[in-house]
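Common to both upcoming complexes is chain A, partnered first by chain B, then by chain C.
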Partner chain A sequence: MLHNRLPQIVSKMAGYPLSNNQVVTLSQTVLTLLALLLMMSLVLTPDIAWSSSDIAKVTETATIDHPAAPVLGPKDYRQIGSISSRSFVWVIAQLHLFLAAFVLAVPLFVTVIEWIGVKTGDQRYDDMAHEFMKVSMTAYSLTALFGGTLAFSLFLLYPTFMAYMMTVFGNQVLVYALLFFMESGVLYVYYYSWYALRYGNKKYVHLSLGVLLNGVGTTLLFVANAWATFMMAPSGVDDTGAVTGGIWDIMRGPLWNPLNLHRFVANIAFGGAVVGAYAGYKMLSAKTMAQRAHYDWMGYTANFIAVLAFLPLPFAGYYLMAEIYAYSQQMGITAMGGILAWLFIVQAVLIGTILLSANYYLWNGMARCEGAKRYMGLIKYIAVTLIVSFLIWVTPHTLILSAKEIATLGGSHHPWLGPFGIMPAKNIAVNLMLIGTFLSFQLYRRSDKVITVPWAGFGNALMVAIYLVAIANVIFLGVYYGYFTNTVYKVGSSVAQVVSTLIVIISGVVIDSMMFKGAKILPVKWGYISNRGVYALFALPIAFTWLMALMGYVRSSVRTHWHVYTIMKDNSVDNFIPNIGHAGNMMTIATISFLLLVLFIFWVASLGDTKQAHPNK
Partner chain B sequence: MKVIKNWLLSFVIAFAVFYLMDHAMMSMQSLPLNADMTPAQ
Partner chain C sequence: MIADESRFMTQEQGGIPVFLKVLSFMVLMVLVFTGIANLLPQVEGQAPKEVKVDLGTLTMDAYIAMGETLFKGKGTCTLCHNNLGRAPDILALNMMDTAAERLKDPNYKGDAKDSENYFHESMIAPSKYIVPGFGKAGDPSPMPKINKAPIGLSDIEMGAIIAFLQAKDGAQPTVPLPTETPAIAETTHVAEPPKPAANAEEVLTKNGCTACHAVLDSVASIGPSLKAIGARATREEIRTSIINPSAVIVEGFAPIMPANFADKMMVKELEMVVDFLAKSTSEVAPESSIDTEKKGEK
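After this line comes the complex of A and B, so read on.
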């Protein structure tokens, strides 16, 4: 077989003998590089392949070859009966995005877990990775179904708009289709070859397939993101909408990379939350203690992935919003200072729910280990910090008041709650919530260990000092620069607040890994978490899903009455931002629909393990 | 005595790190600070 003769072949090519390990490392590296090269070549499609020689210079007026964006009229829109086209596309698009986020995210952390299984030699990681992939396989088919339905809906209901988008993006949509063929092929081979490529050199082939799958999936994400960001901040076109640049100019708008980063990280958090719910469901329905312990461990791992990916998300979101402001102050103000501002209070409620659920799960999980008792006293301080920060975060600034209410209040803002309604207070709150969540993680990780290094006293003192100084720094930066200096310093201080939180996280990981060397490990009783702790695993994906729908509503609405911002006006009957009540209903319909689909996905994943007994035996 | 030394040293290190980080992060954004953390502009 080739894999047996591979070391000999490669050694002959190299001109000197190579060990099996060296060959394995070399082949893994080559395959990984090939996967990355493929991804990069697809994303960085050279202009020469797309630009025609006719596009010699930028023109300000449209030509026959590069038409301006059409001006849409009533005949350019269709409707199915009395169903609002926008509402129909809204729900289908949102469901496609939910499912796509899930199926792109799962292979990302599955490959990492599989690799951990190889490095530790613990087969439980391999089994868990395989089970996570099993859950996502059904979701993949549903993603494609909703993607097809979305495409049909858009072409049917918005034909002229879609014709313009095809003019702009051209052959890139076929690249997207090709990527889907590749994704399907690699996904099926990756999943179904799991047991055929399980040990030795073959395992590295399988891991490389996982890397390739993730490369293709991430490229799919980046390509689709370009359509959304083009509609918000068009690039590669002139003021009339005529194409003036190559496909790379069109794709690489000012919001593309911020959205790429935000969606990539958010997908991982979302995927972790959904598989965590699967583990929670399987744990509560387990028939044996061994099964309960297995799914308890799986739920903990999924929650770990979800929260680890969630911690940097506020910063990625802040980066996206900063780029929106830099591109168009009007768009930024619409989002956070104007009509959509209230949605960020709703966002605060959902993120607060997510953080409280994640922390509650960790605190309940501390019952698995006797060593956790020494840290239980700290939980109330973390809980108070989370709740007070949450309350500050949800405090609004400007309320909708009648003249009489304004007179009673003494102004449009509450005299002493009003200051909590602006960004400096929110930034303090979110950073303290993230620091508190990381502390919960750190305490959980320490609860099954007795540290034995001689410098433990100094290490613990340093960790406490870092936490206390970081918290004081975050509060100082927010209060002083937020309320007592000018706007530029106010905005700039938020960067230092973020770095303060990152210092806590990074130093916590580094110091703990050094302090855990030679630590005495206490037994962990997997399966001994209370049922109410497991319910937190159900709350997480519900809050995540609703939050994604909310942010999608914001992203679409910042375009106000434009299909393509400042280029192509929306002249449909729905050319207005839907009010928050209606949007809330739409988001809830999408969320509940997705959760029903998730139940179906979980059921199908379990169905494969069900075997009916022969009636005659 | 050793315990007190540990705590003092820890807080001195933490304070120095965050103080220097604040100055660095603000300077990188062309927002210099005075030694007492007040805006220099």
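After this line comes the complex of A and C, so read on.
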């Protein structure tokens, strides 16, 4: 194959003989670079500028003009019977996004797991990666089905709005379609060639296919993100909505990259949580301890992926919100201080659920190893910190009170709980929760090891010092800049808080990896986790799913009564922000529908391994 | 199976199937979240509604009331101007006194001389003066321009708010009552008259002629080639073919040429193209009209 021949050709031309290892390394490098180049070229598509000579076909209007955004009226909206068009599109779009997030995320961590399998030589990783991909394949078809349904419903129910969006984005939608062809082709080759390209040099070909698959998938995500961010913060158009820039100007609005980062990381966390639920279900249904042990290990790995991706997610979300504020203070305050403020209390409930579930799973998982007993005493302190922080996070600023209660209280804010309702308190809470979660994770990783490096005492002291300083810094910054200085400094101080948390995480990983060298490994009894603890693997994807739906509700609602913010007003019958109860009901419909789809996906994945015995044998 | 392991193999012990247990757990969680969402204050965010006002019968009291409604509604002023510290708490301040103080501030670099103009300037050009203690040094004001989208208040609406701000603390409004709808040009974008193309090449490109006809660098063959059109058609025939393409259909070609070039092209543009094509008597392109213009300039 070319990847083998090319280095040999080069070595012949140079007169320099290559060893087998060098051939392997070079071919791996060549293939990976090719895949990366293709990914980069997809992402950095040259500016597709409009010009009057871009004509698709000769018609009465032979040139393309750039009209202002139309003003929509009743005739521009359609309805299917008495079904609200917004509700219909909401559920379909949400299901498409759930499935798309899943199918984009799974190949990301599957490729990494596959690579770990190659590096460690442990075939279990390869088998697990293959099993995760098997689950993803059925999901891919469903994603496409819902994507097609979404497109049809948008064109049917909002034809004028979609016509405008096509005018703005033009050929870019065909690029999106082309990327789907590429995604499908690479996906099928990647999955079905798994056993044909399993060992030796061929494995590197397979890994490169994985990299290529992820490059195409990520590009798909970025392309689609541009439509959503254009609706929130339009760019490349003038005040009337007429296109003034090229496609790159239109795509590269102020919220595009923040949303790209947030969705990329969130997808990984979400995908890990869903496959974790798969593993948890298989584990509880296991017929033998060996099977239970296998799926326990799989569930742990999936949970590890989900939590690892989840830890930086609040920061990505904060970056997105900061950019929203920078674009439009009004939009930012609408989201967090205005009509949608209560929504972020619900978000706090969900993220608290996620963090508590993740920690609960880790604590229960410590039963797998005898070495965990030495750390069990710390669990209660982490639990108290998490619960207190969670309670602070869910404390609202403005209370739900009757007029009589407001009069008795002397205002709508509680005198001493009220301060917990503003952002500085919540920043302290979330950072402490993340530090606590990382500590649980760090203790879990240490539980099956006896550290033998001579500087273990110093290393542990350093780690403790980093934790204490970071916690003190987080609390000090939040209290001082949140309550005793100009409100403007709140935002800046939160960056320093985030940095403190990240230093704990990064230094923890680095110090531990150094301290674990030569460590004595204690036996881990996979499968020896209580069934109660496994239920955390079901809590995680449910909380993630509902949280995704909630954030979609925020993203749409911050546009208030605009289809495209400041450009095209929403003049439909649904041009209002629905109340959170109605939104909650819609999100529940979407979540339960997704749950049923996921059960179908898991069932199909298992069906492939089922063989009916011959009746006569 | 080791006795220790039997406590994990609950599936073998019978009872509720795992599938039902897991499904019930997940549905229950979802219902808890739904319940929380339904227990919170239920507020809908309504879009501003158009209200017809009879300017002929409008009194100053009604105008002030309209201003208060706009201040708390469509203007979204209370989103930031409240007691949470994001912006000056207008409702708590005596705005007439406050305006007077700010106009005296040496840092004030705006053009207003009185409270009415100060309030108006604050709405349409909020970065002219940022009240100390708010915003970030060096950055423009975080306040949006009230007369632009997404708020987009009209002059009458801004006047109403000014009247409210002046009257709320007992002062007499100085804003005149509106008696007629202002000219549309104040709020509607009026496009400047288009400029004609600079040369024939630009006209041909702009109107998409190269998509169907072989002309300039194009080799399209949907329509007849224009490269030697001057040798086979007169100026009048060329002009007619552009503005009334169905008058003569060249054999072998479909009658699909757009008939609206007379509306789209300016007279000057049409004459430039007719001149250019009339000079095109061989397959070699005529001297570029760009070069001709530059020579003319010399």
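By definition in this document, the second predicted complex is superposed on the first by the 584 of 617 C-alpha atoms of A that agree within 3 Å, B and C clash if a C-alpha of one lies under 4 Å from a C-alpha of the other, contacts with A are read in each partner's own complex, and residues count from 1 in each chain.
One rule holds in what follows: a residue touches a chain if its C-beta (ideal position, glycine included) is under 8 Å from a C-beta of that chain, and two chains touch if they have at least 3 such contacts.
The shown structure was predicted, so the numbers you read here are calculated from the model rather than taken from an experiment.
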| item | value |
| --- | --- |
| Chain B versus chain C as contact partner of A:Val509, first or second or both or neither | neither |
| Touching partner for A:Gly527 - first (chain B), second (chain C), both, neither | second |
| Chain B versus chain C as contact partner of A:Ala470, first or second or both or neither | first |
| Contacts of A:Ser493 with chain B and chain C, given as first, second, both or neither | first |
| Comparing the two partners chain B and chain C, which touches a greater set of residues in chain A | C |
| Contacts of A:Ala151 with chain B and chain C, given as first, second, both or neither | neither |
| First (chain B), second (chain C), both or neither touched by A:Ala461 | first |
| A:Arg292 touches, of chain B and chain C: first, second, both or neither? | second |
| Intersection of chain A interface sets (partners chain B, chain C) | 486, 488 |
| Complex contacts: residues of chain A adjacent to chain C | 52-53, 55, 58-63, 68, 239-240, 280-281, 284-287, 289, 292, 325, 328-330, 333-334, 337-340, 342, 345-346, 349-350, 353, 400, 486-488, 527-528, 531, 535, 538-539, 542-543, 546, 557, 560-562, 565-567, 569-570, 575-585, 587-588, 591-592, 595, 599 |
| Touch list for chain C against partner chain A, complex | 1-2, 5, 8-12, 18-19, 21-23, 25-27, 29-31, 33-34, 36-38, 40-48, 76, 79-80, 84-86, 133-136, 142-144, 148-151, 189, 205-208, 210-212, 222, 256, 258-260, 264 |
| Residues of chain B defined as touching chain A within the complex | 2-3, 6-7, 9-11, 13-15, 17-18, 21-22, 25-26, 29, 31, 37, 39 |
| Contact footprint of chain B on chain A as seen in their complex | 457-458, 461-462, 464-466, 468-470, 473, 476-477, 480, 485-486, 488-489, 492-493, 495-496, 499-500, 503 |
